[in-house]
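Per-chain residue numbering starts at 1, and chain names A, B, C and D are given in the order in which the chains are listed.
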Amino acid sequence: MAIRVVLLGQGLVATHFAVGVERIKKGELEPYGVPFAKYKMVYDIKDIEIVGSYDVDEEKVGKTVYEVAVKSVGDILPVPETLKNITVRRGIHLGSMEGLPFRVKGLEDELGSTKAAIERLVEEWKQLQPDVIIEVATTEPAKAFHDVKALEEAIERDDRKRLSASHAYAYAAYLYAKETGRPVVFVNVIPSPLARDDAIVKLFEEAGSLVLGDDGATGATPLTADLLEHLAERNRYVLSIAQFNIGGNTDFLALTVPERNKMKEETKSSIVKDILGYDAPHFIKPTGYLEPLGDKKFVSMHIWWKTFNALEDELVVNLRINDSPALAGLLVDLTRIGKALVERGEKGTAYPVNAFFMKDPGPRGARNMSRIRAYYQLLDYLREKGVIKA
Amino acid sequence: MAIRVVLLGQGLVATHFAVGVERIKKGELEPYGVPFAKYKMVYDIKDIEIVGSYDVDEEKVGKTVYEVAVKSVGDILPVPETLKNITVRRGIHLGSMEGLPFRVKGLEDELGSTKAAIERLVEEWKQLQPDVIIEVATTEPAKAFHDVKALEEAIERDDRKRLSASHAYAYAAYLYAKETGRPVVFVNVIPSPLARDDAIVKLFEEAGSLVLGDDGATGATPLTADLLEHLAERNRYVLSIAQFNIGGNTDFLALTVPERNKMKEETKSSIVKDILGYDAPHFIKPTGYLEPLGDKKFVSMHIWWKTFNALEDELVVNLRINDSPALAGLLVDLTRIGKALVERGEKGTAYPVNAFFMKDPGPRGARNMSRIRAYYQLLDYLREKGVIKA
Amino acid sequence: MAIRVVLLGQGLVATHFAVGVERIKKGELEPYGVPFAKYKMVYDIKDIEIVGSYDVDEEKVGKTVYEVAVKSVGDILPVPETLKNITVRRGIHLGSMEGLPFRVKGLEDELGSTKAAIERLVEEWKQLQPDVIIEVATTEPAKAFHDVKALEEAIERDDRKRLSASHAYAYAAYLYAKETGRPVVFVNVIPSPLARDDAIVKLFEEAGSLVLGDDGATGATPLTADLLEHLAERNRYVLSIAQFNIGGNTDFLALTVPERNKMKEETKSSIVKDILGYDAPHFIKPTGYLEPLGDKKFVSMHIWWKTFNALEDELVVNLRINDSPALAGLLVDLTRIGKALVERGEKGTAYPVNAFFMKDPGPRGARNMSRIRAYYQLLDYLREKGVIKA
Amino acid sequence: MAIRVVLLGQGLVATHFAVGVERIKKGELEPYGVPFAKYKMVYDIKDIEIVGSYDVDEEKVGKTVYEVAVKSVGDILPVPETLKNITVRRGIHLGSMEGLPFRVKGLEDELGSTKAAIERLVEEWKQLQPDVIIEVATTEPAKAFHDVKALEEAIERDDRKRLSASHAYAYAAYLYAKETGRPVVFVNVIPSPLARDDAIVKLFEEAGSLVLGDDGATGATPLTADLLEHLAERNRYVLSIAQFNIGGNTDFLALTVPERNKMKEETKSSIVKDILGYDAPHFIKPTGYLEPLGDKKFVSMHIWWKTFNALEDELVVNLRINDSPALAGLLVDLTRIGKALVERGEKGTAYPVNAFFMKDPGPRGARNMSRIRAYYQLLDYLREKGVIKA
């Protein structure tokens, strides 16, 4: 019983996902980095089947995922031959790569309008029959609509300023589900507000489908969440938090563009107040781009606080971590969980899933909590829903 | 409704506790570092009243707690005058300070036998009427008895090699409870196995009393527990863990004696397997003594693991933390919780309390778990028992 | 034989300097942080006498240095009464505080033109008779003139955009020296190019005076220089350098304004190529402002390289350091050395001094070198000139 | 004009040396990690020719260096075929591997006496005609003789307790030089005191030969030296130094044996006083063995000090560094420099070389200095002697 997956954005994360899943299926890789791998779930990792991939980079469109993978991770990973079967298709651009040094073209440029581009996607998906569609393209400036009509009008009048590619993709996914009656799971691991957009959640609910998001929680942010929980549980009074991030992948390059950086910053800051209960002064944002670091970023964090008798303690954390594989590992479970939940009648969005997997959990207004708490709440929820057995 | 407290070992921890509690009572200090301060509990911090103190160091016995405090923390803290009312009494030594550069004498030396010393303590406590007795003396080599008879025989034949001071104190507490019918809480925050000793737990159960222990969980150990939980929840495969600790207080000095160091090492290692599910190679122990660091120790930790696609990540944590205040803050809650529980009929030991507060939670054979999980389990337990309201 | 000193900018650095010098004179403070304190120099620290202070902040002008010191460092340092004798005078502003949340007014605003303001300063200095004038005001955007005429014309036509306060101060110092025949030392420890400005150096040469600068070398930059030297001497091939700086003093606040940040960035980057011999990719700049950190900044640095057999090593440095005292300590020696040199006939600028003490050593085009090398070259030079005895 | 080299101890360092030199000769490797590679020296790296190798481990004796290398570094490095030409011979053991889990046998066991073993070596070397002999075997407990007669008597009466393998090797080297009239360079990069042993230095002087040593300066020690120099030059007052080292190679395993650990500890501590001028409290020693770390050790260092106005700063350094390649890179230059010097008439030992390359520079009583200073002194010396051209 396969889970058919379509990837939007064949970048490092999508490539690590594709390579890792195929290696696990071949039995040559342990599922490290897949959170719930140790539990028996209704879907196995081996059930995942990637059936489609989209991008807008002219260097990728038309190539096979195998070719893309060899180029981007071939020096550090063996690339499975099975990825030769998937060819990267042209997606919707809507300016998501603006200002970056890549040659890009979107379906809307080819077909003349965003609406036509969306229709083309729906058609293609009717062929590919995805169960899960994963949005993992470049971070783009994007704003929630919250109103279905406003969203639909923006598409109608081809308002390319207001519309983000992720909204266009999500809307296409909704149409596909509605028109085929086949529920779909849209997994949004980029900062664009989709699971936090009332309009999107409403549409997915209507189509018996599920949108999970927003912005995958990997790297320093979930670790900070758990460190803050650790401090809060001891009633230590946090004086300030500084967190620096620097990396050399194109995701960091993209974040040097101020509007994109801002998309991330907001996300990262919300955890402080939600967990501590007060807004401890903090500086948390992607800090810089340094090419030789590649996908293995360097993170430095300083936290200090008042302990008993008002004396001061200090903590410094330094990380050297692989950025993209971390998210790829989460995608494995998001795929399996999403599919199992939608089959069990969950629709709209699923906060317990988002609370663990996402930096900015939908729906709109939902609180962040420490990851360790979210993990156990999710475990209970998955057991209750029958997604995890025993 | 006061909680009457007796301290065993008027060292840095006990002194921070005494000073901090009095400062909070005066309203000059926020209860930072007291884990459950933000909840409404049946006993308030202001209910804590220190009524007695014991030590074996000739420099301390006979002095007031005020004098001891001025000498040890007077340079960094204001010392409340109220501490002039408590004079340090002579306790039982039983070799706990052996090999250390202090002039010591125990009650058993004065009175000729351990049994006589125990009886003297029981007498004094009948006067002082403690509700809670806190064992916070120097780490000593100690072994569990597990058999009440074996313990009582060791006292009877004055076997000073086999008996530890902590066992003698706990036995005295039991006698005091039994003879007065007044339930007592014995809080053991040093590594000696008491809450893990079947014999001690049995005696306390018999006397309607409670022993909580062993070895207060402060510093790097609970943080490591939560970091490992964080990694385990993402199914990251831990390759190794190195943790160094160096400090300049007499507790670190004591741990340069190999047998004492071993008491700590075992404690610290048990978390790895209990949380990860496998025994990741690790090096975790108090590493050295460096006088100028004083009570603010330096901790460095290296953890690395395999993430998705078997790539390797690395984490380094460096801490500069006040050692003794951390434990003093926990003692505030252990005192309040212990008293409330024993009044509500809890007896023997209380695993949910130990699991959060202790490095080696009793009873014997009990598992370690991450602190964040233990915290929420304890919260549920305290609500259920009515110790925390609402 | 006193050295008469005037301070420009009564901020944290100037205040630490004033307080520290007075405390050393009273015999209550060891001269830690004063590089050449252990050598016998022709001028002793006790010879330093602060005779004047200038600022443009309305909160400071008219107050005594004592009042300013109590407010800014009174919580961490004893403030000597002798500082009551110096009152902060109004200096030249020329927009150096633009965009910052302070109420400011310059002499040029009061007197109508920059030229008038400069003349006023010269007059005042004829009274105060300074030997050494220290520029330690807020970092400002500033550009070198390199041409005396261009500089003088800018003053003449009151071109407040082109002129920086530091240039105006330096020009006033030159006039003062020329008119009185009394050689002066102008110590510039802010990024403005003065010792690197051919025009300024030429004027000082003409007046038998000395300008030392630019931008005092404290904190992470000289440490990085020495770490890079360490690596270069082993022919390790540096792959990249990341350096983050965050602090909570007004200097960091000022650097959040982009043009000011740029003044620092250039300075900090020049060391890489000068020491390694190739331009290793690097990210080095003041990164953020976080108020609770105050004057004790947090620095994190990551350097990695290829060692023998092309294997990769990594180094992480974390610092928590007092920002302003570090520069104040250097000022003590710059004052003593500058005075001794100018008396021995040195004029223009003095590269051996700048190479050790400054991030951007003048004259124009001069190379950076590791601090350890610069130190020994300076020692030789000072011995040769008779400034250090034996 | 080849330099013929014999290796004593075919462990990780010797293997990295052999592999690296051959790779450089093949033109496939840049000489990173070779300090003076950027200077023109009378001998080129390509002149190095390894002609012999000795060990006592039964797993290595009789194998080719190629086989040994494939087994120990084959997973991370390409191993050149040219190493098939060198077969590991049996060396002198004298208990240097005692207490370690290896099956060993020494020539003295085979031939009945140490004297016979030494004679055998001299014979073999007359065949191999080495110019440079490198002692890089397992760290062993060893004590200087300082008296030639005492050394010769220990050999005569086969006193295996008193004699160390390194002394026996050095004596054999002396005999070989004396008997052939061919000057030899003995490079000792292990802690055994040879260049600090008056007896050894005297013998080498007599034979027109050179002993360089002791204990190669790699890793945290020379870095600490340069950091301390950095602090000393600013007259910062160091409060304490903590340095932890943990690794997983057999060198770390060997150092878990207390007597071996002590050999290293002394070495590492001597730098503090020599550089700072006072004995700042410190804890510096190899701390532990953790197998998964392999040859890439983890180092953590904490240094704090008083800066100007007696405020306190803190520095933490964390390293993850390849242990053995670092020393192998130094051996390349020690070989070239040693050979060039001995040809230019240098004999006994050469302090300027030792001061840069060694942790415990001979001769006896010589001072440690910061590496950066030592580097420039060595550069001058090498230029003066004509070893480095221009």
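The rule we apply is simple: a contact is a pair of C-beta atoms (placed from the backbone, for glycine too) under 8 Å apart; a residue touches a chain by one contact, two chains touch by 3 or more.
Please read these numbers as outputs of a predicted model, since none were measured by experiment.
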Which chain has its C-alpha centroid at the greatest distance from the C-alpha centroid of subunit C? B
Given the pairs B-D, C-D or A-C, which one repeats the contacts seen at A-B for over half of the pairs? C-D
Calculate how many whole Å lie between the centre of subunit C and the centre of subunit D, each centre taken as the average of the chain's C-alpha atoms. 44
Quick one: subunit B and subunit C, Cα centre-to-centre, how many Å? 52
Taking each chain's centre as its mean C-alpha position, how far apart are subunit A and subunit C in Å? 48
Note the residues in subunit D that touch 2 or more other chains, in rising order. 314, 316, 318, 320
Residue positions on subunit A within touch of subunit B in the complex are 16, 19-20, 23, 29-38, 76-77, 222-223, 226-227, 229-230, 233-237, 277, 305-322, 325-326, 328-329, 332, 370-373, 375-376
Spell out the residues on subunit D that touch subunit B in their complex, using ranges where they run on. 239-240, 242, 244, 246, 248, 281-283, 287-293, 298, 300, 302, 314, 316, 318, 320
